[in-house]
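Both complexes shown next keep chain A, but they swap its partner, so chain B is in the first and chain C is in the second.
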Partner chain A sequence: MRAALKPTPRPSSPRLNAPLYASVARLGFRRQFAYPQAALWGLITNLFFGVLRISVLVALFGSKPQVAGYTVQDAITYTGLTQAFIMALSLFGWTDFMRTVHRGEVASDLLRPHNLLAFWAAQDAGRAVGQFVLRGLPMLALFALIWGATFPAGFTGWLLTTLSLLLAWACGFAFRFLVNCAAFWSPDAVGFGRFAWAVLGLGSGFLMPLAFFPQWFQGVLAFTPFPSMMNTTVEIWLGVTTGPEAWAGLAVQFGWALLLSGVAAFVLSRGLRRLEVAGG
Partner chain B sequence: MITVHNLKKTFRVHQGGLLRGSSVVMEAVKDVSFSVERGEIVGYLGPNGAGKSTTIKVLTGLLVPDSGRVEVGGLVPWKDRRAHVARLGAVFGQRTTLWWDLPVHESLELLRHIYRVPEPRFRQNLRDFTELLELGPFLNTPARALSLGQRMRADLAAALLHDPELLFLDEPTVGLDVVAKERIREFIRHINATREVTVLLTTHDLGDVERLARRVMIIDHGSLLYDGALASLQARYGSARELVVDFEFTPIDPQVPGLTLLGAEGPRVRYGFTGAAAAPIARVTAHAPVRDITVKEPEIEATIRRIYEGGLLRDGII
Partner chain C sequence: MARSFNSRPGQKKDLFSSAVYHLHLYFLLLRAQARSQAVYRVSFALDALGSALITLAEFAAFALVLPRFGSLSGWTLGEVSLLYGLAEIAFVLMDLAFGGFDAPNLSQHVRSGSFNTFLLRPAPLRLQIFGSDFALRRITRVFLAAGILAYGVGASGAVLTPETALLLAGSVLGMIAFFGGLFVIGGTLTFWTVESVEAMNVLTYGGRTLISYPMDIYGQFLRKTFTYLIPAAFLSYFPVLHVLGRPLPDGLPLLAAYLSPLVGPLMLAAAFAFWRVGVRHYGGTGT
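Coming up: the complex of A and B.
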């Protein structure tokens, strides 16, 4: 067998390992389909709460034709969208990475020559697409069939919405990963996470369209990345934001995605450094 | 392959509450030096908390030592970790490095991408390992559904697919039955011989060490107590050989000149001796009529236990 040994090129080069991240994303996608029953019950639960939220919003409208630029129909579509995005954008939180740090499994990951952040991003991207197909699309279809939820207008509408959705995932992932990095410093990062997910739910427009909040609160939120994690996408889908305003929204999302990813990479490297000095 | 010089690592251990806590410095590894040649299999032994895993973590680049010089294949592990870990393989008996919900072959495929193993090389290695470790029947099974023995074999294949130069094995046979243990040891010996993979083996199973390693290092309380051949450890620190004699009748005086009396139970008497067995046997048979005689070799297990407990080697490395 020794004769058959050929030197293997060493995978130490910093060049992006595209085939790796592609297959990680593919596996992350496929993994979502392993438990179809869980997905079905999840969908039913999301639908149930969707109905509940529609009733509350419609009651809020009363006889008014419009609230903060939203028609009743918009409010219904908004509800359908946010219910559809729950899983894909992990709006209720995400602690997978945290768990590997607490269990010490992150050490086995470090024994492999890959970029940890890119690896998790690829995995989560696959997961998000899987969840969108499994739980998001059926939810949107149901909302369209039952309550006449609307879709983006024309090619530009679809293009803007798609781009915005991708950027919303990127912002959201970087934020979630950042929160998970707390595990390097605290054995109780889950508690910190709970607070962070509450802020995410409020700031991203999941609890209520941000347009419904008082002006000053919207002003504050505008300085945070949270609207970029979903609200921007919903408003572009609905056509509440269009044209140059929509492109500006995308630019803001892009900026936040870059900044948050940078911060996440930095905090991760600090966390790993801490692990190297203090042990796991 | 591995050079470790004056390695030292301390941890700050926090004690007490959130506000009034104090921290103490714990010396996990005090002043450890050794080197390992390419192609060696070295057993690294020590009781729990002795400093074994700290040493391994430094060697794999997971920990930065306080001081000391460490080089593995020309690289300082923690300075260039990505390049360093690309040449390593590791198997932890206590936990799998496979993706638990993926079929084994998909985990292996993912590892192929991680290590950028060329396709033909990967195919060949997979063929070889599938045959040697009999992976065939469970290549399509998710890791979570494997038996312990299957999982360990799959983990071994996963650790070796990228032709690592250095393999870390931590308790590679823990919890396995005798046959499964033997199969794993056979495989390790095989890849060491055919692929010149250097193996550093940490284990509590001395069977692994006896069957695989010619050289052992023993660490306790952060210091190396012994570094040398397993055989000479046994010769120097092993207890005496034992002669178990069944006399025809219960002897009135079981004492035999030149032999240490270890115990007597009716006609069965146990003596301790060193060196060859011929002379002691002759003496015993001259002493009284004998029905049966057995020679019992001292167990390595007992030797190691005596070393841990009695601090036999505490005074320094030989």
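Coming up: the complex of A and C.
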């Protein structure tokens, strides 16, 4: 279909049109800055919830200096990080791709000379960076100013944290895209998504640090990709995980990112095969 | 309640039959919506389960973590469940009743101009808004909240006498009115602005989360703000303290534990006064 329209690379082509995806990412980044006022209110809401979450964690710690490798200060930094990542890592859910399938807009995206998955990945990467700059960095700055939130230690700390954050985004994106692919099979994909986002919140360590959960529950989660979508990054940032353990964490994240991306690409191709869009 | 919706002068003579008429109208609106939502059964079931799952995940995370710490500054899981269950059941019942006033729903009518249709119909405006967004899928959250509350009553060792039962019921009613009032204020704001209504989320969803935990865990500033400036502590925290036989903070008299059914309706009355100003301000979209 596409090849008939334009003699550009087919979607299955191994050659990547890097400038195209770079500009898609750049536009995804810029789009986030359209409503600064809404972002400000969002920041205030996130900050308020941050205060509530800190209060609960500090009250839980009581006079205990350390629990499961976390100090009270770590727990506060953890809260700042998770509140900062809400938008960048879309922890409350993401239905953008689903919507284009339900509305049929995906058809016009398919006419364009690009790989649909790479197109969405580029767009979401830009969106994530934009949201991190707009909502994440101010949140971290506020947490550092008000509650003395800590930052990664030294060059290795920053390197590991940055790599881990990129991989967390990659895992999360592949998972979110996969969930959105449900739209090819069902008009109820939004309802299906609600399950996925609830599990994501619990499993990625957004609701509570995974280290605080009972051993059996941590054991179950270790077999899932959810810790790779945020918790690993948070523990590397805090220095709870360091050295070879941190590199192992990165390897696991990398493995899940590859696997989930592969599954997402496969499911997408199956979904596109059964896609029918009504004209009009 | 329906009596207050009566705005037609011709019916003033027979208040009772008018109340019955309006109540009937309200339930007709609810039934129509419930039936339309139940048409797509799979979709409805997924939505219903999914909306409860978020609350479940949140509560489960807390319950799973608590044993490692022992208690939440002296509060056991059962005692926190009492607060958590009360706040959740009141909020979801409020959501069912006041959903039409919720800013995202109402702003859609205001922006598209379909708010005009409400004004044109020969039925009281507020009754129509009350009946305009009845999300039946929230029913699962009612059951979940009732379960958490029941666990709280059982595990906290609260003595359930007719008096304490009445106190807790009053607390729930007060909270429904209080948060309903906040929804009405948020909805009314959309007559002026479609942005920055998100600020209300801090008070509604933030307030709900705030009172889901014992308020002594918050700093003095936050606790006093949400006691004396925004009277959220009167809604469930003080009644629960009393039911558990704990003293009220700041040397407040025992009477403070009974004020929820007063604080809530006062908030709602103020909200509806603001609503009337908003409706008068509304000018349609010109379409």
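Of note:
Everything below uses one rule, namely that the second predicted complex is superposed on the first by the 261 of 280 C-alpha atoms of A that agree within 3 Å, B and C clash if a C-alpha of one lies under 4 Å from a C-alpha of the other, contacts with A are read in each partner's own complex, and residues count from 1 in each chain.
Operating definition for what follows: a residue touches a chain if its C-beta (ideal position, glycine included) is under 8 Å from a C-beta of that chain, and two chains touch if they have at least 3 such contacts.
Computed from a prediction, not measured in an experiment: that's the story for all the values here.
By the touch criterion defined above, A:195 reaches chain C but does not reach chain B. In the superposition on chain A, contact of A:217 is made with chain C only, not with chain B. When both complexes are overlaid on chain A, the residue A:187 reaches chain C alone and has no touch with chain B. Look at A:48: by the touch rule set out above, it reaches chain C but stays clear of chain B.
Contact with chain C, but none with chain B, is seen for A:208 once the two complexes are overlaid on the shared chain. In the superposition on chain A, contact of A:67 is made with chain C only, not with chain B. Of the two partner chains placed by the overlay, neither chain B nor chain C lies in contact with A:145. In the complex of the two chains, the chain A residues touching chain B come out as 1-2, 4-6, 8-12, 14, 17, 19-20, 23-24, 27, 31, 34, 105, 107-108, 110-114, 275-280. Considering their complex, residues 40, 42-43, 46-47, 49-51, 53-54, 56-58, 60-62, 64-73, 195-196, 198-199, 201-202, 206, 209-210, 213, 217-219, 222 of chain C touch chain A.
Chain A contributes residues 35, 37-38, 41-42, 44-45, 48-49, 51-52, 55-56, 58-62, 64, 67-68, 187-188, 190-195, 197-199, 201-202, 207-208, 212-214, 217 to its touches with chain C in the complex. Chain B makes touch with chain A in their complex at residues 11-12, 28, 54, 57, 60-64, 78, 80-83, 85-88, 90, 92, 95, 97, 99, 101-102, 106, 109-111, 113-118, 121, 124, 128, 162-163, 194-196.
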